[in-house]
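Before anything else, here is the set of structures, which you'll find just below.
Same chain, two partners: subunit A is paired with subunit B first, then with subunit C.
Showing the complex of A and B:
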């Protein structure tokens, strides 16, 4: 019983979250529309609906704060959609604040806390102060011969839309369609989508008359700039009968005396009154398809708790272990002479392996969500901070459809938020400064995402003034993070990486948003926890680009098993570029590090046995030939010298447990299927550690251990 | 809202066993209507397709359903729409926000009224 309630509550939270996100997307689109000085009444209406649904849900689950907020927000959106309140930037500000408050309100409700949220009352207060415009005087509808019975059943909103359309000079049409009950959904979606390319469907009115018992006749009231002929060309295939709603004749201009009533009267395509100033977007009729498909897709989705997928993934992981055991058994049987039996077992095991692979991919796919989810949230932050800091920011997003593991997406939000804040606060100059250096007034922040092999790359780029390298180094020296004598030896990329040291900020005064010196190191830690790396590059006066490289998923990984001084380790294949034979003659020392040259590029070498301080196991003969596994992460490369390569295997990484969680260089442990356990190397952490070897030495001198 | 209405109707024992048929919107309601008769229709005003006023008018002009009681769910703010709904033939309304108990008592009243005037089955 209690479990059922909890489950329902959980569903409430995830549904509420989705509604808030969809509200946020609507507001962002509205914001864009307002800036572009266009109008999209559908967006206001959708926002209204989302809040409306949210209010209902909140009532159902006793989420009072969410309910109160929704209730007031609904009123505001209602006024907006009815045209009682003009949509301005400041109204949008309030709406965006409401979106942020939903986040707070939901987490308070989730914690079942009774803490009041004064911010909600404050916002509601501000809502109350929004001006309200009275309804306009004479009805613009008077000039159309509209059926009073039809007008009587329009809701206030529909009537408002109808008036607005008429004021914009659109013509009105009655589109009569007879729908078969069995296929009404699809047929309707189809005709709705087609009609929408011509204008706005004000309402759908059942006529009450039908040709048969299995059909329903509907009148669509359509406001459109298209001519009757155009509409007929596009809608006739749906069996629609289209009649223009005629303009009322004004006596003085009426030359003809024919009565205007009567269905048999030939449709008079009255010369359109002033054409709409902004023409409706011309969409090809085939734009109908994706719409209909999207509609169906929504109805066929289920919401699944990610923990269920984790549990499934674990089972797949266990099965992978069983599969490995099977493979070994078939090998053994074959080796022991059971040829026939061995190869039969082998072929069963192969087909098991294939199906298991499919299943694993299937589950992985289900876990994938588009990065757009995070980007939407960032878009809100950009807008808000930009406005509050008085900086005009243009956000350009590409690759929002790039997919990544749901768990990673959730952890990405905070670090990215921080990075974007930094970019606006530290990166983008104030307007006067931008004018002075001849940059466009609006600063640009680009969010780019794309998949690169088994990784997803996210770039955050700004066109601000870049990072002041000298100031950065000076600050690091003052804080004792860098030895003044070694400053000259720092490579440029190493200088930029100073940004990620804890406690470092070049901004003299902390603003509300960034510059407190906590942040970039936390960002880096969070990204590392996800198995990712972060690179920063900056050019003075041109801008800064931060590149985050992340694995596509954390759930299951293909790993290369390597042997080092008699022990087996697993190295995730996502970061392995290649494996080559180690030629000791090629290894030379450079700045106190072992390096070799691979295809003309210097490659630092790391001997893991030495790093981990592994003593050779008794009876293990040092191998004659060693290998170098080349790992790459972002722009960094490192060669790991290992004794042997033992093949590839899919592994499920299990955490090391609390007592070992502080150990760097390992992301966990895994079972290999033959009762053996192997540690999983964390190439990101190891590369990190190795490539700042000189720094660690320094830290030791400074007593950081 | 639909889920709320359904759970409100199905919880509590004062209404007895209620058979709730749920329509996803105005069109869906039109499609489900011929499967009636129903003892009561509960409708919102703002729906994604056909609006509640149109639905009420449709029901009131349909020979099979014209005497089916209609209960309107409306918001405080949409007074104009509520008045229109009542003038088009809705039998009563519940203003949002309401509790499950509010809804059940309104439904009960409508059902009892319906039973005394015309016998419905279902």
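Showing the complex of A and C:
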């Protein structure tokens, strides 16, 4: 029972999260619309609907803070859609703050904490001060010969839309259609969809004068820029009779020609309300256009706990072992003379292998989500920080549809956010400076994502002033991170990599957002935890580009099996560039490290047998010739010396137990079949360790070797 | 002497929640070298006869390595080393006890030979940590004397927390 409640609560949180994300997307679109000075009533409506649903859910689960926030936010959005409140940048600021607060409120509720969230009250206070300005002057509707009975039953929202359309100079039409009751749902949707291509359907009302007992006649009020002939051509097939609503004569007046529509005026009741019993206009104000297609789409998706997918993936791993056992069995039967039986078993095993492969890919596909999820969140941050720092930022996103493992996406949000903050804070110049150097006033931040083999590459680029290499090196020297004598030998890429050292920041004054010297090292650590690497390149006055390379998935990887001093290790192929035979004569000592030259480039060599302190196994003869597996991660390369290459295999990496959490250099272990377990090397960690050439590696060697 | 036994008694009752003073408690006994040890039976989920164990470079010296038991990755601890006893290579009789730890991890305990289940009344258990080596006393719950035998009762929780 309690478990059921918990599960429902979990679902509430994930659904709430989705609603907040969709709200955020709507606000971003609204922001774009406001900047472009256009208007999209649908967006405000969608935002309103999301908040309304959220309010209901919060009430159901006793999430008071979420409920309160939603309630007030709903009021604001309602005022916006009714036109009582103009949509301005500052109103949007408040709305975006509400989105941020939802995050806080949800995590507080999730922890079942009773901590008050003063930020919510503060925001609600500001909501209250927004004030509402109603449209003034005479109603623009006065000039149309509108049926008073129709005007009287318009909801406040419909009336607002009607006025807006009229103000935009659209013409009004009455579209009269006789619907068969049996098919009215579909027929009405159909005609609405057609009419929408010409303008906006303000409302639809029964006329009360149907031709038969099983039909109902509706009037649709349509605002459109199209001519009568165009509309007739488009809608006649639906049996619609279209009449333009004529303009009044100039002197025409009416007692109700300018209904008072003050800020708090309720829809004016009209004495002769000719509403038939089955009125279609009796809709709650929040019931906006029912969107049948969207509902169907929701019904066809399920929410799945990613741990269940992990469990499935484990089963696939087990099955792969069964498959290998089958293969061995068929070999054995054939070798022992049972050719016929052996071949049959072999073909069964092959078909098993294919199906298993399909299943594996299927599960992997389910885990994939578009990067757009995290990019949306970044867009919000860009807007917010840009505004607060007074910098005009244009965000250009490409490749939002690139898919990556859900687990990676979850972990990407924080590092990327930090990178983007840095770009706005340190990278993009203030307006005067940009003008001075002849750059466009608005700074550009480009987020590009694309797949590259088994990797996904994310680039964060800005057109700011770039990194001051001299200042960076000076600072590193002052902090004792770089030997002053080595400065001259630093390659440019090495200089840029200094950015990722802990405690280094070139900005003299820390801002609220970045520049306190914490951050880029954390970003780098987080990215490497995901098996990724980060590289930075910068050109003075032109800008800075950060490139993050990540594996597509963490669930299953192709690995190269290598043998080192009689033991088998797996090395993820994602980081293997090539494997070559090791020519001992080419190995030289450079700066206390072994290196060789590969096609003219110096390649540091790491003898895994030595750094792991592997003792020779009895009966295993050291091989005459060794191999070098060249691993590349970003711009770094390292050659791992191994005794033998044993082929390639898809593996499921399982984490090592808690008792081995202190052991570095392995990302986990995997089963090879025949019950053997192989350790999976962590090239990123090993490269880091070797190239750092730090004391710790040597100490470890002494300690355990 | 009577006082010591009493003190040990209450200590045990505290260290092993859920045990009843009057009831019999079950332990699994095994051999390390010439001595017999035992751990609480409820902690042991399975006994496996030495699957291939893969050594883990850079791991603490008392960890033999890792093995897979039907898909479950298990870290195997050399109990002799952890208890500070003389180390000897595994034999045909060697077994790995899969034990549930408090952290949820399943740890394998390498022992020389599995004996049998011992049922001990509380009166048959005494705490005599002082007669044992210093390395050992940290991990010992007490000593059981089932029918004149001598079994060292080990505290699993303290042994697998590293």
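Methods note: the second predicted complex is superposed on the first by the 515 of 705 C-alpha atoms of A that agree within 3 Å, B and C clash if a C-alpha of one lies under 4 Å from a C-alpha of the other, contacts with A are read in each partner's own complex, and residues count from 1 in each chain.
Operating definition for what follows: a residue touches a chain if its C-beta (ideal position, glycine included) is under 8 Å from a C-beta of that chain, and two chains touch if they have at least 3 such contacts.
Bear in mind that the values here come from a model prediction, so they are computed numbers and not experimental data.
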> Just subunit B (first), just subunit C (second), both, or neither: which does A:563 touch?
Replying inline: neither
>> For A:59 in the superposed arrangement: first (subunit B), second (subunit C), both or neither?
In response: first
>> One more residue to check, A:158. First (subunit B), second (subunit C), both or neither?
In response: first
> Which partner does A:314 reach: the first (subunit B), the second (subunit C), both, or neither?
Replying inline: second
> First (subunit B), second (subunit C), both or neither: which does A:205 touch?
Replying inline: first
>> Let me test your reading of the model: by the given contact rule, A:663 touches which partner, first (subunit B), second (subunit C), both or neither?
In response: second
> Touching A:75 in the superposition: subunit B (first), subunit C (second), both, neither?
Replying inline: first
> So, does A:394 touch the first partner subunit B, the second partner subunit C, both, or neither?
Replying inline: neither
> Of the residues on subunit A, which ones does subunit B touch that subunit C also touches?
Replying inline: none
>> If we count contacts the way the header does, which residues on subunit A are in touch with subunit B in the complex?
In response: 49, 52-53, 55-56, 59-60, 67, 71, 74-75, 78, 149, 152-158, 181, 184-185, 188, 203-206, 208, 213, 216, 218
> Touching subunit A in the complex: which residues of subunit B?
Replying inline: 1, 3-4, 7, 26-27, 30-31, 34, 45-46, 48-58, 61-62, 75, 77-78, 80-81, 84, 88, 96-97
> In their shared complex, at which residues does subunit C touch subunit A?
Replying inline: 51-52, 54-61, 63, 66-68, 70-71, 73-75, 77, 103, 105-107, 160, 162
> Given the complex with subunit C, which residues does subunit A contribute to the contact?
Replying inline: 314, 317-318, 567, 612-614, 654-660, 662-666, 669, 671, 675-679, 700, 704
